[in-house]
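Note that the chains take the letters A, B, C, D, E and F in the order they are written out, and that residue 1 is the start of every chain.
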Amino acid sequence: MIKCVYPGSFDPITCGHLDVIERAAAMFYDVTVAVLVNKNKVPAFTVEQRMDFIRRSTKHLPGVKVDWFSGLLVDYMKSRGANVIIRGLRATADFEYEFQMAAMNARLAKDVETIFLMTDISHSFLRSSMDKELVAHGGKITGLVPPEIEEDVIKYFNR
Amino acid sequence: MIKCVYPGSFDPITCGHLDVIERAAAMFYDVTVAVLVNKNKVPAFTVEQRMDFIRRSTKHLPGVKVDWFSGLLVDYMKSRGANVIIRGLRATADFEYEFQMAAMNARLAKDVETIFLMTDISHSFLRSSMDKELVAHGGKITGLVPPEIEEDVIKYFNR
Amino acid sequence: MIKCVYPGSFDPITCGHLDVIERAAAMFYDVTVAVLVNKNKVPAFTVEQRMDFIRRSTKHLPGVKVDWFSGLLVDYMKSRGANVIIRGLRATADFEYEFQMAAMNARLAKDVETIFLMTDISHSFLRSSMDKELVAHGGKITGLVPPEIEEDVIKYFNR
Amino acid sequence: MIKCVYPGSFDPITCGHLDVIERAAAMFYDVTVAVLVNKNKVPAFTVEQRMDFIRRSTKHLPGVKVDWFSGLLVDYMKSRGANVIIRGLRATADFEYEFQMAAMNARLAKDVETIFLMTDISHSFLRSSMDKELVAHGGKITGLVPPEIEEDVIKYFNR
Amino acid sequence: MIKCVYPGSFDPITCGHLDVIERAAAMFYDVTVAVLVNKNKVPAFTVEQRMDFIRRSTKHLPGVKVDWFSGLLVDYMKSRGANVIIRGLRATADFEYEFQMAAMNARLAKDVETIFLMTDISHSFLRSSMDKELVAHGGKITGLVPPEIEEDVIKYFNR
Amino acid sequence: MIKCVYPGSFDPITCGHLDVIERAAAMFYDVTVAVLVNKNKVPAFTVEQRMDFIRRSTKHLPGVKVDWFSGLLVDYMKSRGANVIIRGLRATADFEYEFQMAAMNARLAKDVETIFLMTDISHSFLRSSMDKELVAHGGKITGLVPPEIEEDVIKYFNR
């Protein structure tokens, strides 16, 4: 039985993230989107907001669960009985980093497998940080973040 | 229901290929290793030999099927009712090519998904062509091709 | 006065090539698409066919000229009084090669400049060789080659 | 009519930047070097100093204008009636980032085109941050920054 | 006479670093591991601790010296009469940065040569920063840092 | 005692190759440039010519020996009692391939080490194949091949 975890910061979730979630949900019954809580970084949105954004963006995918974790991913995987890490790949630069992380995780937990899905090419240039910069300067983010959260993301940056 | 196809030339199967097959077989019930017959290239081994090598190397993985195909991969997938392409990733150079192929296949068949597994780091420098060159010059290939076929591969190149 | 040359094999012209031509034509008055005749390669289409395909695909761009050349690009540039080379960039792998060619051309002709345009992201995985393989196996090429030449390209590969 | 903008931090302008400006000025009548003011970063030099450095380094290029902007580049482009973004490319790592930025800008403003010029190979390893580190440790920066500003850059770091 | 310097932060020394040191020591009589003191970064370990860790990890390599430096590497090289910089290469991303640094150092000191050794493939995914994160979350670091310092590294992060 | 071998096709030797040889000869007493004889490729120049070109280009480096080999490099190394392979690195694309070769050679012969030298940046875009194409079309190759062999290379291609 495959139990997948799709880990990330999701600060906020982008259309690229959603694309990966939809692909994973079409293949696997048990998919959890897990928000990483990193004490060393100041996120734009709280964990609760980020989880809420993911829930609203994936409400058409009833099987998808939303959760958060801190610490090592492989420890979180074990605590959930999960065995497959999902990661999206956009471009060469991604790959280098993902390769290092997957090799490290394979070393830490031999029974955990990482599988990579390719982001749809139209999302391949998206980064959460770009979205934030865009909104901060009044740029349109339609098509960059899921429509369900667009208004909230804009509101936040225009506080 | 996921039906996977792991396509390739497998001329011959390497320990890196076998590593990908074992990872796929640990996750999915229905995995077919499919030898691509390319009329424009002269392989070292016939399709029958390559399939035989794969069968002998995967005899510890009872669910894994071995097959061949020619023409477009997505057409073969449809004829089998398969929906997931398995590909191994070794290094950056791989990724660029795999990205193009996956994007093309996504365009040709929207219901077919490509998932990438990372080859174990100790196999990341293996290429079938290197094996052949090695044997041709009397180098040792232990650990490069599965032990079940090592003797046959050496015999072939020493004809 | 800028006189541009967009050199390539164009065997056949793809939607990615056309995208670059349209971008160049929107910026520059004098754009020549120049088919490279390479005696060492056997093309799918003759120079005449390739030029005809380009002409038909660019008939909505009245200023664009179509020509051919053999030998060194910089010699052709000089003979035309052209001073700017146009190249499309798709991905990292392209860049490495293009970097070498541009450095070599800069060395050969100091007054010739190379400018790079980025192919629209939806064309970034196109290669002429992929189109040919697709058609050869009965795959659909709609959206890969310009509609004006689609029928001719299919006819050719189904001979 | 082409109106070019060459955006960047220019903190300070390097010989690599100047090389790109000279190439652009040789091709286009209307070139503006635009200093990005980023409230989230603390630059070594003020906007006024950076603009002054650019003006002194480009005084042999009478057509080149110097300006600054904050916010989104495409908004600045529109306010100037500019339609072409100039970017220099040094190496593979550059390209990945530039590809993302150009795709994002193409999405935000369909009538704005990005063209890439290749930095002369002898400048391909230059980065403003390296210059600053060099000066801070008493290293020679001759040939790294334009001679017109060399003394001021050294003076600043030796305060 | 070759006098080598292997510079780095070594915060702390990893098995990948040690692998490079062992390779260098097998080839060259005079190898100095030189800890870079960077005033702008807050390290996990003091210079003294980092040097002590290196000394204990290299006690089987009697010829290897341990030192520290601040400022420009080439100035330190000159003060030592050293002429060869040793650098380890792990992956493509490394190379890009190393290429820039080596080109800069070649420019600053023509008589200093940089030579690159390839880290053993089993260490190719190691980074000091990963080690620190691992320990911070209770992950096992056996095989990531030399056994001689493992306990001290764990103790530090569990303070 | 270090005995170096710098292997390659050298068809013909370029200024980039010579740059690597000069760097190696400045560091090591025993450097052999070894021409690979590959039965599967048709070179432009015979082994004798290639060795003669190298000898004439390196006559200012009295310690440098010129030799040829076929088969596996590591076997040749053993037969010479050589223990260090020298390779030049130009760009990212090089690195990927060199990484695979070095890992393979490390596997075949544990006591053989590969060290990489960086080609001077002004040669980083040179490839023997480019030289040949240049000469074939009447382009100038001054500065691309060593002056000692320039006339012979041109003569050959103008036969």
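Keep in mind that, in the parts below, a residue touches a chain if its C-beta (ideal position, glycine included) is under 8 Å from a C-beta of that chain, and two chains touch if they have at least 3 such contacts.
The model shown is predicted, which means the values in this text are computed figures rather than measured ones.
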Please report the minimal path length, in steps, between subunit C and subunit E on the chain touch graph. 2
With one step meaning two chains touch, work out the least steps from subunit B to subunit D. 2
Cα centroid separation, subunit A vs subunit B, in Å, comes to 30
Rounded Å distance, subunit D centre to subunit F centre (Cα mean): 39
Between subunit A and subunit D, centroid-to-centroid distance (C-alpha), Å: 34
Check: subunit D positions touching at least 2 other chains come out as 91-93, 96, 99, 103, 121, 124-125
What residues of subunit E sit close enough to touch subunit D in their complex? 71-72, 74-75, 93, 96-97, 99-100, 103-104, 107-108
Sort out for me which residues of subunit C touch subunit B in the complex. 91-93, 124-125, 127, 130, 134, 137-140, 143
Which bits of subunit B are touching subunit A when the two form their complex? 2, 23, 26-27, 84, 89, 91-92, 95-96, 99, 102-103, 106, 113-118, 120-121
